[in-house]
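Got a structure for you, written out below as structure tokens; questions coming shortly.
For clarity, chains are labelled A, B and C in written order, and residue numbers in each chain start from 1.
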Amino acid sequence: MNRMPALRVKDLCKSFAGITAARNINVEAGAGEIIGIIGANGAGKTVFVNMITGYLKPTSGTIEFFGKDITGIEPRDAAHVGVCRSFQVSQVFMSMTVRENLAIALAIARDDGRAMLKAPGRPEIRAEGERLMRQFTIFEHRDAVAGALSQGVRKLLDIAMAVVSNPKVLLLDEPTAGVSVEEKFAIMDIVIVAMKEKGATVLFVEHDMEIVERYVDRVLAFYQGEVICDAPPAEALKDPAVIEYVIGSGRAPTPTAAAGSPSHA
Amino acid sequence: MLDILKTDKTIRWAALAFLALALSGLVIDAWILNNLMFGLARGLAVLGLLVLWRTGLISFGHALYFGIGAYTVALLDTFAGVTDLVLRLGVAVAASAAIGFLLGFILRKYRGIFFAMLSLAFSMVLYGILVKIEALGSTDGFSVSATTIFGWKPETKFPLFCAIVATAVVAIVCVQFYLRTTLGHLTTAIRDNELRVEYLGYSVAKAIHIKYVISAALTGAAGAMLATALGQVDPDSMVNWTISGELVFITIMAGPGNVVAPFIGGIVFEFLRTYAFEWAPQAWQLIVGGALLAIIFFLPRGIWSIFEKLMARIKGSQG
Amino acid sequence: MQLAIAILLDGLSFASYLFIVSVGLTIVFGVMKILNVAHGSFYAWGAYLSAYLITLFSDMGYPNWFGFLLIPVATVVVGLVLSVIIERLVLRRMYHQDEVLIVLATFGLFLISEDLLLLVFGVNPYFAYQPMAALGNVRLGGISRDVYSMTLSALALIVAVACWWGLTRTRWGKLISVVIHDREIGLAMGLNVGMIYLAIFVIGAMLGALGGAYIAPTISVSPGFGIDVIVLSFAVVVIGGMGSIPGALIGAVMVGVLRAMAVHLMPELELFVVFAVMAIVLIVRPEGLFAPAKARTI
């Protein structure tokens, strides 16, 4: 059987008032693949994620999801189709508790037209919420207001809210940005395990090469709006172009370089 | 479907309190009864504003729906001789909801000051029409004849009072139900983070549109009830922008905490006005303005927060 | 032809007066992001004080033209005193708050001011016609017009040029532009943003008071007349674009001429057209006709 890719991006371009933010991006991602997106600031990584999830409309090119054209759809329709995302800056409901955040997210995800008229606190949602909170190790914070959480916990909540509808493709925009070094691997372990369990495709933007090396099947390296390298990590991180334009010359992918990477902003 | 409300404490207490209120109508003085009617009617509009405010939207033009409700009653009375309360209320609510539905397509894209200003513009369009057109009563408005209830013409105001109390209870139950559904919970979610709501898969515009129609319908009901209770409608006391301001004032005074708060706010407002006109007839606006500033600075969650604190203290001393 | 001239002249004087009142509102919004309902109070106090002083001095036997000296006095006194009180006592504590909540607070101030006016000046109307009488009438295209209303347009022109020059050609104006652009940068540059806010608020208030003080001789100054003016200036400011001075000019001309047309052709639509245009502009171009388009944040 010819397996259809989960995501197929063809000749994707985006320009803002004459400035090109993405040029001829061609990517295919198989079901269950874990892909790391790397690149310097302004290389077009977030623009790419925004286009896939419908926040930005591409200037030209197409995006297919299991063979279905989803170019330029609204974010909410992307979510219904099965393309979800997390954010560089956590986008959660700051005045609600962790439990309420997940309850709302789950209730919307299970909306079939009438479900919006049911209480978000109903038993099946509560049970699913608890399962998610345990899976993402935020159960102990269940009654804390999101605005009062630490960056790392909020990040986990943000990602947990992105997976409530069991997406087939999950895009994570810098899942470990602003998180302490100790927490980074913990977050990635949780997310990757959870997604592998479901067989979902994960694409995540990451500055920390150590994390990229450890978790991904493939690396997409961005430079000035173009994909300059699409290869397994072992290969990609040795690519001269990647070293020059992404990692920075003279900085090999060693733990020290990773710890010193400027992703704590 | 209403099983969401089975365990709702607010509804239980509100039902008891409003039953007591309705019965008290048999013994209290006429002027108190009148004030309660006006206060409860206004409370309906404030409940409508509360639904929007929970999402962080403040309308400076809700006098539009107040006016539509009131003028529906007056026009039905003047041109069709309709005096039946249920019919008046029904048509007024339908008219406000219909206009709210239409304008909602536009307003649902607006937030903050732009939402406030566009609402203001819409309401002033209606005001401009009513004030200048003779057939619509011009600045004098219309008088509204006494209401009938299913053909029965009550001798006293007590039945009307009961009807207003009952409408208030129905409104409270409906809004409380709405707020406890997922759709209602979106209220706070949208205020917190619209982007996330969209990415979870629900249309923020749709949620706000629904909310806006509910709000319009409630405010229309308020206008209809007030017109019936007062026996008089005119543009300056029903549709001008100062009335929108007054409604927002009561909303802020009542606080966002609870669906019963708007009615307490409305009643407090009416009594405040009665006493102000008695003791300091020229200082009414001064009192309202001063109270508004005082609440913004010292009681940002309104008078309902005083109740909450009291309840917490009582519970604390028990436990 | 006569009708056209009448519409034009009426429209122009109404536009001039609206511009003087609204430009203060728009400047304050542009710099401080405050949509100030109490701007109507500056207008009302300016009108009352000017009318009061003019009738007072006229009764004491001063000539009719003396009123022209009293109008600036009323403007400055009201502008300075009222604005400093309001800014220091109320607004200063609210700069970090939500815009809409600030509108509400200024609505509270407006209500308070309405009753204070009654307490100070009483409920009887003031007719301070003397300055108008001093200038007399002229015939224009067969219609008799009072000269005073025409000086209103001259005043509006002076105000427009002064605002434009002040904001673009002076050091002070450039500092303000920095603060408008980014409050944080202004702070980082060591500007005293608090002082700039106060100064802008005083200027805005004076313009509001000037509108009231200058219009006072042509109307009967009576309780509650600030209510209509503030909502009309909201329309002007919204149509032109909140915070834009050329916008206020265009908005005032549009509202002025449209209203004059309605008054002469279809009086029933006098108010309707103004707010219908306001609504349409908000629908089609929410930033107003003249404000630069901004990127949407969501």
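Everything that follows uses one rule, which is that a contact is a pair of C-beta atoms (placed from the backbone, for glycine too) under 8 Å apart; a residue touches a chain by one contact, two chains touch by 3 or more.
Being a predicted model, the structure only gives us computed values, none of them experimental.
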item	value
Chains touching both chain A and chain B, listed by label	none
Most centrally placed chain - per-chain CA mean versus overall CA mean	B
Taking each chain's C-alpha mean as its centre, the one farthest from chain C	A
Distance between chain centroids, defined by C-alpha means - chain A, chain B (Å)	44
Intercentroid distance (Cα basis), chain C paired with chain B, Å	33
Euclidean distance of C-alpha centroids - chain A vs chain C, Å	52
Sequence positions of chain B contacting 2 or more other chains	195
Chain B to chain A touching residues, read off their complex	1, 4, 180-183, 185-186, 188-189, 191-193, 195-203
Partner chain C, residues of chain B touching it in the complex	56, 58, 60, 106, 110, 112-114, 116-118, 120-122, 124-125, 127-129, 131-133, 194-195, 240-242, 245, 248-249, 252, 282-286, 288-293, 296-297
Residue numbers on chain C that touch chain B, as the complex places them	35, 37, 90, 93-94, 98-101, 103-105, 107-116, 118-119, 227, 231, 234-235, 238, 242, 267-276, 278-279, 282-283, 286, 298
Chain A residues within the chain B interface of the complex	53, 74-80, 84-85, 87, 91-96, 100, 103-105, 107-109, 111, 115-120, 161-162, 164-165
